[in-house]
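Below: a set of structures, written as structure tokens.
Next, two complexes with chain A in common: one pairs it with chain B, the other with chain C.
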Partner chain A sequence: MVKAGGGLECWAERHLRYLMLAPTVLILLALTIFPSIYMFYAAVHRVSPNPDLPWQFVGFDNFGRLLVDAQFQVALRNTAVFTIIAVSIEFLLGLGLALLLDRFIRRLTFLKTVLMVPMMLPPIAVAITWKLIYEPQFGVLNEIMFRLGLPTQAWAGDVNLAMFSIIVADVWQWTPFIFLLMLAGLASLPVEPYEAAALDGASSWRQFWDLTLPFLKPVIAIALLLRVMDALRLFDLVFILTGGGPADRTKVLSLYIYQVAYRFADPGYAAAISLFVLFVTIILSTWFMKRMRLAE
Partner chain B sequence: MVRKLCLALAVGASALAISGLAWADITILVPSGSEGDGLRAAAADYAKMKGTKVEAVQAPYANVFEQGANAGATKSGVFDIILMDDPWIPFFAENGHLEDLTEYFKKAGLEGPDDDFLSKSLAICRNPYNTGPYVCLPYVGNAQMFFYDAAKFKEAGVDAPKTWDDVLKAAKTLTEQGGGRYFGYVFRGGQGNPVVADFMPIFWSYGADMFNADRTKVTIDTPEGAAAMKTFMALRDVSPKGVESYNANEVGTALAAGTAASSINWPNWVATFEDPTQSKMVGKISYSPIPAGTKPGSSEIGHWTMGIMAASKNKQEAFDFMLWATSAEQIKVSAERGNPPVRASVFTDPELTKQEKFRHYPVLMEAIQASTPRPRHPKWPEIENAFGIELSKAVAGTITPEEALKNSQAAIEQITGLK
Partner chain C sequence: MATAIRTRSRAWERALRIAAYLTILVALVLTLFPVYWIAANSFKFDIDIFAVPPEWVPRNPTLKHYDEAFIERPFLRYALNSFLVAVGTTVVSVTFGTMAGYALARFSYPWQWRRQISFWILSTRMMPPIVSIIPLYLFFNYFDMLNTKSALIIAYTAFNLPFATWMMKSYFQDLPIELEEAAIVDGDTRWGAFLHVALPLARPGLAATAIFSLIISWNEFLLSLVITLTEQSQTLPIGIAGRVTQYNTYWGEISAAGFMACVPIVIFAFIVQKHLVRGLSLGAVKG
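Coming up: the complex of A and B.
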């Protein structure tokens, strides 16, 4: 008995690290691998909302539907427009602010905390806040416009302004994220190359272009990668502010997946669209990582 | 010892989380808002009276459908009763999520619901519409009415609007005089359910319908549809800027704040308009049936109905609760809590009708009896979405009204497989 117990104890001691990791690994497998396999399984089936009807294998038909589905194509285009414009503005603003405030803000921790507030708010709270700001009749934005003698606007209701309004809300929430990453990047830059450049008479612009930007490239790549991945999943702002309208101008992929899965009760097709988004995200991530390695 | 205690607590908490709502005898899925609040209050009364544990789970409008559909598709049995918006009934019934109530009525010694229920309220609870077996019971008697500021309409030269032409005449004058701060009409123009809900009564009042009588053809792109669309676009032109994104809250707020003179609306807004803490228009808003176009006006019916989920493990208890909650006595209690009734005896109860806050009851009863259900189709959510996109485009002016009708016709033909 003692021998057996000792053996078990020895075995447990030898494999302790694996035993300690096992629960986490199992949970991760359950939460990532299983849903991914299940999603692929659903994507190749026609799934009826009637539980008594069996799932019907349809091969790659659901993926074929992507090519002819006008609503999917609208959502894809809107998602691309949103991602490119919103992330570009957030990057330029975040980097610009970080460069401007780099030295100044190091002494003002309070200001740094205040700037972080938008990204700490739950997305749904941000969306509701902006909905109230944009409200055409009682919203603060139109009240300011009216008092300034400017024409009031249907910020979330006008076909030409709706996407812009969503981008503004997203920029408000996520520029601080880029700003903080850039600030951290700037804080880690070596001082010596700048001293040498200054001695050589390099202008601030030259120093930025030839030193700061190359040094920051890994941080920029990470910041852009995270923001692009997040922008591709945009849901809350659109759901609350516009519901995808007006005239489908703000329908994005996440909203469309939600509609297909839950409103139209077609989870097979929703899984196919989700896999498409996953594929695009993986391609983009790989491309970014490669660029990052090249930059290093 | 402490470690063991923590472990026991963790296991206990997990078990509770997993079992979820299993402690309740009956679990009801209800929407947020007055409809759900009313049934939740009724559930609490029932629990006290019968000693039955009744749990009401509240969710936003769209989530009630999703959670109900999920529970039905997975046969989870997590909900015993679902409080459904009536256009969802074909989806739930035809996908096997709802229990046929025939046997339960027989067991209770009844042939079916009694004659005190309004006939239109009962018709929607049968699947197929008005002919099939009962799959639910009506609880909240929603049907759209026309809300308007009678004094403003009178100033604009219209005493009581009977037709959409009357509404347009007054609304045009009031919007022109409003200087961009006051409008003669307001509607839900938001893409999807909102814009469809506010267009359908106009559509019907010009003799148009989505399908022909035997449901073999889609009939949106017709001269009647074009006439309805023409009026709808004229109403858009006298509505506030941004109406393209309006939903019920924006429309209700505009009326309660006195920045718009008229709208189609649901009766549960009456309580808000007559509440001095929420409205500047107490006692000033008049209620009428939906105005006529080339045909008599017809409201969209939007009843909230209770059905038993097929996977429920407490079906008899659920039926007993539904029978109790929809009794004349309880429907009166529900009316006093702000939900429109579904029974003639409650609509005409002098105790209620003598109160100012129920002065819309005769109009509402008339509106229900003259109402039309949204097309009964299991793919209604998809149909509504497609129609809502094209209407939204027309309201936003990105396509012409003619294109909207043509595109809707094609989209709904494709969804339903009808040509």
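Coming up: the complex of A and C.
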């Protein structure tokens, strides 16, 4: 049923499905296709920091460097360690808290929102806050250590504790994310299976393993994947808290790419590392999107 | 026997309840203390910031650092830049994202394009920003747009559009299509049905999407670090990071600026609390 209007209006109405989609698709094409082509092009060249010098085609050399670059391997390992430990802790804490709150304090929306606050804050402000807490001379953490009679530490400045410090700050900011999604998952659980299980005399523990966890599985998968992808791109916290140090102990992939591109002025190699990160992310996001398809 | 079990389980239940309350109390303290701490330090004189043992409550509150940051140093300018960029990004991405979200929720396309395009749009959101900073840098350099707020708006839009599209798509899918069909039967155009029927109904979703977009842009750091160079376009996070130097960290100033950067976000968080789940999971989980 198209109202008779001007010819243009009529045409627009007939092609509305394409016209409404067009701006988004065009903007995203422009802003993602260009970077992608550039990355592939730069990754097979030796790019000089001097813009007047021509790029030198080097084939797959930049990718070969990935295999022998010790710094890249350190960054890769740090990113893996950070991602696995931080996301695991966030998951266990978030799920635990959600189970508690869901069971004992159901209707306190306000309390939930307060617990939610950290993940909304600017990561830079979070980094500053933790820098203040970790400060070796006058920081709160060392004061607590001192009161407890424990040795004070350099925290973010200590070779062995730097990664731990980053993880704690990240856990502080992102546990609420898992917690929130788990709460939503728990709130949507069906009641009947639990009534049946209770009649059968199943313990709470059994109910948790046999009912709650399987029902939560799709939500858990989405929460974990989103967290893992965010953890892989960690930058702000490290940039402020440790700058990648001490002794490269917290140098993560994003920071390394940034350094290679800007400090070492080697965009070709930075592009190769970026493509590697992109490759890993694509594998994960394909998996994520399969989940979304199931949820749809 | 049965009573014994029941009393034991009742005591057990009570112990569990107390443990739960205690855990939640600890979680609350751990959540709030860092926020309190940055606020408290922003109101202290330098000498009190460095006090050992730390001063848990500022004894000598002062607005000195707010004066330093926002009057003497250009933090007001940074905040204004952040605000303008966040609003610009939000207007662009919510406008286009809403139209695209509606199209993907309602229209059918040949060859299953609807799904393909939906997931392609989502996949662009998955791209880590670090991957695109070099090309974006060169792109803006080529068009002579480095160090401009427009460049930031364009870059942020690339990361916010997929989010806005998916979020609005999930809200439109929740609306009954019958109302729009009725409007069309009554002689409205397809576009009119979107504008006059669907859009007003999706208003809460629209507001939530806009606020999320504001938060994402307000918090962003890496792209701004690469694209901006001077206070003409630098955003608040960049201004703060700039006061953490190799030689000195201006604790009072960055605490004041950092705390001020958090205030609007906390307000927003309370406004969108009902939509948090959907927003954070890109519409995948409906809370």
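Rule of thumb we're sticking to: the second predicted complex is superposed on the first by the 271 of 296 C-alpha atoms of A that agree within 3 Å, B and C clash if a C-alpha of one lies under 4 Å from a C-alpha of the other, contacts with A are read in each partner's own complex, and residues count from 1 in each chain.
Just so it is clear, a residue touches a chain if its C-beta (ideal position, glycine included) is under 8 Å from a C-beta of that chain, and two chains touch if they have at least 3 such contacts.
Remember, it's a predicted structure, so these values are computed and weren't measured experimentally.
Using the contact criterion defined above for the overlaid structures, shared-chain residue A:245 touches chain B, although it does not reach chain C. Looking at the shared chain after the overlay, A:7 reaches neither chain B nor chain C. Once chain A of one complex is fitted onto chain A of the other, the partner contacts of A:100 are limited to chain C, with no touch recorded for chain B.
A count of residues in chain A touched by chain B and by chain C gives the higher number to C.
Residue contacts after overlaying the shared chain place A:64 against neither chain B nor chain C.
Touch criterion met: A:138 reaches chain B and chain C at once.
By the document's definition of touching, of the two partners only chain B reaches A:48; chain C does not. Applying the stated contact rule after C-alpha superposition, one finds that A:152 touches chain B and leaves chain C untouched. Residue overlap on chain A between its contacts with chain B in one complex and with chain C in the other: 137-138, 262.
Every residue of chain A that touches chain C in the complex is listed here, in rising order: 1-3, 5, 12-13, 16-17, 20-21, 23-25, 27-28, 31-32, 34-35, 38-39, 42, 97, 100-101, 103-105, 109, 111-126, 128-133, 137-140, 143, 146, 172, 176-177, 180-181, 183-185, 187, 219, 222-223, 226, 229, 232-233, 235-236, 239-240, 253-254, 257-258, 261-262, 267, 270-271, 274-275, 277-278, 281-282, 284-285, 288-289, 291-293, 295.
Listed in rising order, the residues of chain B touching chain A in the complex are 62, 65-66, 69-70, 72-75, 91, 94-97, 180, 189-192, 240-247, 250, 253-254, 257, 259, 379, 381-382, 385, 389, 392-393, 395-399. Listed in rising order, the residues of chain C touching chain A in the complex are 17, 20-21, 23-24, 27-28, 30-32, 34-35, 37-38, 41, 49-54, 96-97, 99-100, 102-104, 107-109, 115, 117, 119, 121-124, 126-136, 138-139, 154-155, 157-158, 161-162, 165, 184-185, 187-191, 194, 215, 218-219, 221-222, 226, 236-237, 240-241, 244, 249, 251, 254-255, 258-259, 261-262, 265-266, 268-270, 273, 276-277, 280-282, 284-287. Put simply, chain A touches chain B in their complex at residues 48-52, 71, 135-138, 152-159, 162, 241-249, 259, 262-265.
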